[in-house]
Amino acid sequence: MSLVVDDLRCSYDRRNPPAVEIDLLDLGPGVCGLVGVNGAGKSTLLRTLAGSRRPENGRVRVDDVSLYGPDRRRVLGRIGYMPQHLDLPAEMRVSDALAYASWVRGVPPGAARARNPQLLDRVGLSRRATDRVGQLSGGMNRRLALAVALVTDPDVLLLDEPTTGLDPAQRVALRGIISDLTATAITVLSSHVMEDVAMMASRIAVLHEGRVLHIGAVDEFVTARGGPERSPEFAFLATIAGGGA
Amino acid sequence: MSVRLAWLGGRWAILLQFGALLAVGVVSVAPRVSSWVGSWKQALDFGAGATSLMGPVAAGAACLAYARLRRSVMSEVMMQSRWDWWRWLQPAVAVWALASTALIAVVVGCTSIASAAGVPSYWGSAWIVLPALVLLAAQASVGAAVGFASGRAWLAPIVVAGVFSVNLLASAQLIPQVFNTGGVTGTLAGQVFTVWPVLMPAVAAAGIVVLAVAAADRRLLWATWSRRCVVGLGLGALVVGWLSAPGSNDERYELLADPPQTCAGTQPQVCVFEETPRPLADLTAKVEEQAVFLVRAGVQLPDRFVQSYAVAGRDPSEGVVRLIGHEESRASVSEDSATNTLVTPAPCEQDFGAEPPYLAMDARHLLGRWLQVRAGIRKPAGGDSDRAWLLGEQDRQEAWVREVYRQLQTCAFEEIQMPDGVG
Amino acid sequence: MAWDNRYVAVLRSWGLGVALGAGLVLAAASLLVGDVYVDLPMLRDQIRILHVFPGLAALVLPVPLVDRTPSLTLMTMRSPAVLSLLRLGGVVLASLPVVAALLLVGWTLPAALVVIGFVGGAAVVCSLVGLWYWAPMLGLLVVWLQWGSREQAFTAGWLWLVADLAALVVGGGAYVAVETARVRLRVRTAGTSSESRRPADTIRP
């Protein structure tokens, strides 16, 4: 299983520098934390990896199949994406949201029937299945978005700020869900909370002004750059201040 | 961009909304332009009546804005401010301001077109726009309440259809004319707007505004006793306005006892309402052209033909101006209008009685045909029952014409005798 | 094709249940009050309220044509064209009660099918202005009431049928094409608010 980005360039406006500019990024199995300040390009990169935003230049390949090429559909179903805001109608029922997402994403009926209740259970929303989306709290909405991302049982899971709005117990549960993913799966989670990344990810990629300044094991990152207190925050700040050097 | 406009979208979105309001306003007045162009008051009334389409658009725009507001955190921030209800109302005020500006533009456009067509202005009647503006506020607030209470933008089309349907129900007289702010099909010449029937829908509309705000969120108008009193007043205004609203459109206007006239010509003189002077020149010319043939036949014409809606108080020696259809508004009239005027040489009670004066009607019809044949306007067709008489002996025709004209002039309808073989 | 219990969720998610309910309400209303005459200021003469219902249907029923889950649609494994076509088909189905009601009161089939012609018109407007589609449709309703309706509805023949179907096919086709292009365009340009003005938002340590 591989997710490879090469010569990637995403721009919103020709007058401004590209939002994302990456020469080569090879994401193998395991959990990779994508960190950066607000506006670093994390969400744009995740959207691009999810197949929701065609880059102006470059390629995104899942197991050597181009995500924006003619065989796009062969790999799109293998990707689960949890955006920062999932725009579901407020009056939609939680179970309907999941059923609809599985239909739109082309999950076979039998598989959806078996998987959807399990997913609701996994994200702790079984008792809320008949509630309307508008009645859910912020944290519940995030968990529903996570369940929606998981409807295809993806090999690549892309989570944009997954811990926002989650209480400590839910963060622990999220870690459990991520650790339950198969060993061959690729998970990328973006966050600007270094603690979350340090807890959940084995690798870390620091994104700053659209460029990857550093990618490597979290432990090594903290040890090498975290100062005497081995602080993840310090390591992060040192990285972006030094331009990745 | 000001805060109150922010919820309507960017500059272009606001411009488009204004454009949509203006466009439906134009759509609602344009099809009848030939009707209202000849009367300033009718143009004013028609412009004010554009709420029938602009109101639903304002309601839809407000619904979309408030659904957006509800789904943002700003709604809670607004609720925490001291003047929460006023802060909350700002986007609705913005929609209302847009709609009001568009309505005023439509009204000014209509009345300017009428003025340009040569009809005098009656600025004293312009107050009828105020109830229309209050009604727009009510319609916008209904949309705002639905949008905020539900948070569902997709309800906007249903709100639009609902508000439009209320107009339909009022128009069908299934409910009082609470959403009626104008759009009369007559010229309103010789009439004035009646104050209370025109104002009552505004009272009901003010009540709707208050109740809509209260229904949108309990915190807005249920928080204190003083606010609850306002809700009570709003409910009272709605009930009073609803019960006192006119049952039909006609109640919005009343006849003037002696409407001023403008006159032209001498043989005979022709007078129309001063408010609708456009047809006067053409009508006078055509009446004079046709009158020559009556005079040649020895008929004693009235000195004046005067336009009027009522018989009471009329000078029996004056003839009656009778214009066909919407010719009161037009600069040119048909030959038939000139003929109809000439064959009505006196205002007669019988014309307004329970039973139509059939004999007099037949006589006027034949007299008119005779006049048009003589004037070269018409030729009797082969199958016409009066063809033989119309092409017959001239002396006998003129004798009948003189006699019947005298009878019509003295309202002695019972003495009328149709020529042999006719009627 | 086997029944998939997710179809109900799809119907609800697109608002087709609401549209069908609205279609039934409009059909019932047209049967109950269709004979009432209304005198709208903008029209040249009185009309039977029945003539308003095709236009009202075009105001209310097309709601499902507007995508309420655009972020999910971007991730769809199904063809965006098929999704749009299914939405359009659902709205046409929701309009059938109104068509049936008009047939019951004596309109000819070509006249009653003007409802789906309106749906076709609404579809193309939806694809251009989204949830604001009702504003142009309100104008179209007046045009219809002013020039298109009246007693011809009881005698209308194949010419109307051609016009209805042409409006549905052309309008619906344009809707499907524009919506499909929109999804493809969004895949190309979708972004977050922060990136569009990144230099100003960036917090430098």
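Note that the chains are named A, B and C in the order they appear, and that numbering of residues resets to 1 at the start of each chain.
One rule holds in what follows: contacts are C-beta pairs under 8 Å (C-beta built on N, C-alpha and C of every residue); 3 or more make two chains touch, one makes a residue touch a chain.
A quick note: this is a predicted structure, and the numbers were derived from the prediction, not measured.
When you average the Cα atoms of each chain and compare centres, the chain farthest from subunit A turns out to be B. Each chain gets a centre from its C-alpha atoms; the one nearest the centre of all protein C-alpha atoms is C. Between the chain pairs B-C and A-C, more C-beta pairs are in contact across A-C.
If you average the CA atoms of subunit A and of subunit B, the two centres end up 63 Å from each other. Centres computed as Cα averages put subunit B at a distance of 33 Å from subunit C.
Between the CA-based centres of subunit A and subunit C the separation comes to 36 Å, rounded to the whole angstrom. Across the assembly, subunit C contributes residues 15, 68 that each touch 2 or more other chains.
The residues of subunit A that reach two or more other chains are 89, listed in rising order.
The multi-chain contact residues of subunit B, meaning those touching 2 or more other chains, are 154.
Across the complex, subunit C is touched by residues 16, 20, 23-24, 27-29, 31-32, 46, 49, 52-53, 56-57, 60, 64, 153-154, 156-158, 160-161, 164-165, 167-168, 171-172, 174, 182-185, 249 of subunit B.
Residues of subunit A touching subunit B in their complex: 89-91, 134. Within the complex formed with subunit B, the residues of subunit C that make contact are 15, 22, 33, 36-44, 49, 52, 56, 59-60, 62-63, 66, 68, 131-135, 138-139, 142-143, 146. For subunit C in complex with subunit A, the touching residues are 2, 4-10, 12-13, 15, 68-78, 83, 186-192, 194-196, 198-199, 201-205. Residues 71, 151-152, 154 of subunit B are the ones that touch subunit A when the two sit in their complex.
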